[in-house]
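Chain IDs A, B, C and D follow the sequence of writing; residue 1 opens each chain.
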């Protein structure tokens, strides 16, 4: 069985599904895999930690930490709930960053994806909304400048997709890092989930990097500390379900006619499943995620306050 | 059996599928339904005419003419093939228009759909690309103006979607018609198909009007001569497959477990299936369709020539 | 002397400039013109009322009420200040509306201008951000629907510009009104000012309607109660200075060489002067104005709360 | 006298204006400066070569080659004329490239500017329209792939502006070059002209690099072979006139009241002058320039043919 999902949470569920019911208890997790859940303001937070190669292999995810925030989609409909998610994201992201950096790191945001496809535009939209400060912080002899001491050192790039640039995202980011020299990279990307119920209702943070384009595009070289030389935190939201996966899952449940399966798959290869209101969902999610990032990096601002901050 | 598809072509196929194989020949069509196919430059053209209420009820489509142009999607990759489709569309559209108007009618284009959702933006993009002339043609005492005699009288509107405007598309269009007084309305909309293979590879022209939003949005009041008081020609392209339809079709083929069916459907309600490269497809299709319209209404121009025409 | 400015405030100043200094006191205003100023949270509010044809002719503005909110541009940089302006706008707009309607009117917003030119995109951007409710309010037998009682009845249209549609804005709006039947129309448009210092720092509300396109485009038929049959409130923001006006003003001050003047004018006809950061200014202004409208029509919401409200 | 213009052509004219009329002939050019003009299909081509430090200092431009194509703006209204300009650009660009590279170089396009400000969006729009091939050419063991032999090796980036990214454009480009390793960089940028008549009617090609943001934004570190280590060809189009420059020029002609001058300047600092139809102009110019680049790099295609080419 090959596990193909961008979410560690789903990879774990799929293992569960394969086991007999008796075995579905915590003790039965692979050695070196730890799962904890907690709830905060109607947001379900799951921490998954993978510490052994054995567990990594079983779950199909690299050794590292994976955290998911799960919420109901309608929760994005009120400002209060948006703020709750942004604050939770900010708290968890702060913990991830402090794992790698102590003081006031230079942080680069990379918003992956294609601006022209609604479901794939989450990354570029977050880049548009974060409050960048590096160009002001970096001015030499800026003693005369009054810079708000609460502001961290942030820059942000939207490298575009290979079909438009002719360049692998990893090459592009690697090059930018070589001159900009950030201490840490935070990558934002739209992911693919196996379940339609999880689309636009889950945010995953991980410290293991990311393989760009697993959501809408194709698999590309990974963005990770191994490849880039600096820590990489990935923030991903499933915005689509791969149509072939959806169909395969349905057919697996309903029967086992392999010929039928293959024929159906073939027809829907390169198709994605996405909600009808994807434009509003992406707008709200980019607001929530940029707010979470802004509050994690620029300390002591309220969500809306920092979103309107202008250098 | 309820037939739900925007394409008359598919409605007919679905009837075929329900009948025993022996009966699948032309003579077995419902009384008052006529189907002809021809080919032109690798484009398959199917004329469907429904002339009786009986056939209309059986096929689930109104009495009238339906024409589909089917082509291979990669055909849009070369300019030659784009021009072939645009020319075919222009020829067929000219025939549809001349059914209702003789001389030089005032024509209004209405591009339906949501500009912010890639798969639903076909209509507004066509509006951006047609060459409007009505404001110049309508100038009183324009004897001093040298207006190219080849240009027809065209105007174009993109009424937006109800979620943004709070207004039914049909109310909006009806109002515009009351002051602008066009002789004929051509509506452009993104449709839903039952088959992924037909997405972005089929153009349907019909003289029966359209129910806006059957593609991505919800069903709304129809745009038709009955409602609007002037002839309505609809140009539609399936850009998505309804996810519930896709799943239902797959399950119908593979088994008949109704509980399973309902559960799966429920999960994917309000989801659509769309190709990964939908941005490029919509760009090309809007180019081809606007060219077809431009050439049908402004006589004697080449495709690219008229596309660059500026009033 | 011909006065050409979209702002009543400027028209009045220009009269002042033509008079000798001694005469520049309130008593010297034309008969039938009344001017009052007040300040509210660093926002300067000027009420201008024109009640006689004589004053109307002198000032070059129709009989009616004109109110301007003037603020410093950097004031848009903090959320607090944005909220102050939105609240002031909401209060003043409520007063303008209650002049014409008592209870719960059906209100139509029309956002004029060209979405593709940054300085002219204010109207369409406000339309995107107001909370429309008419389609929900209008559902027959909606007793089972729980609709927030605070919500007013609002719809919103962005008719586009004549170069794209081939239709006069006034024809388009008049048609929509004939079927949608709103009780009052609120028009949003980008204006032209005479002074660069007033660009993006002034909001004018008037009850006399508007001549669309005086900002970036060309003069078109007016939108007013005379033409449309319902009360028209216009909200305008100068986002540009007409380049010819700017040059003429500079030359008038510096010398009187008419030949030079004409030559210079000729060269810069059809040019506009606009700030370099026009993208950010339009984004903020559309946020502030849509919030002001939302709070005036949907009672009892906070600015950010109502902005996130989803039907 | 300080000369501030992005165009070598204008720098030269300004020197001319300072000299007495007698001296305005070719022989009177500074030593080490050579100017030649020719015409091609109604396009005026001027070659300016600066070979000495003395001339460079006098003209305020670096040692190197500057070529301008001047055409009438309405010339962009017909496809024939667009093709003539694209072909001329292609021919001249080919000559500039062959100055530095012999065979089949890897070429990187960098489209500078802010996508959200119409007048500054030329660079990003050209990037969207060039046909990138590097990702296909670079596939190892691509013997089985049939790649059209006419295609050159091209990639393209739109680095964004410092206000959005927090990163100097030159840092961004330098980093990308370090991993992508192109043989030559072609930079596209919107420039500022001194004369409104030159806006959107002039294309400048130079081999000396560019200082990004001199059009709409602020001066930034230069993009040149000195800084980047590879040859840099710059393609620039004046899309705006700096408002302060315009006013200063007008005042210089009309009188010499310095107080007035300073006051006026102060008011319009950070303002730009741009045509009302800037959206259409940028759309056409980006089409023409991307076509010129495509034809220069991918040999043997017609303009429209290569524009529709899809990898």
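FYI, contacts are C-beta pairs under 8 Å (C-beta built on N, C-alpha and C of every residue); 3 or more make two chains touch, one makes a residue touch a chain.
The structure displayed is predicted, hence computed values, not measured ones.
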Identified repeat of the A-C interface (over half of residue pairs identical), from B-D, C-D or A-D: B-D
Distance between chain centroids, defined by C-alpha means - chain B, chain C (Å): 38
Between chain B and chain A, distance of the C-alpha-averaged centres to the nearest whole Å: 38
Pairwise touch network: line, ring, star, complete, or other: complete
Chain D residues within the chain B interface of the complex: 77-79, 82, 280, 304-305, 307-310
Chain D residues within the chain C interface of the complex: 114, 116-118, 195-197, 199, 216-217, 241, 243, 246-247, 250-251, 253-255, 257, 260, 264, 267-268, 270-279
Touching residues on chain D, where the partner in the complex is chain A: 127-128, 132-136, 154-160, 162-168, 171-172, 174-180, 311
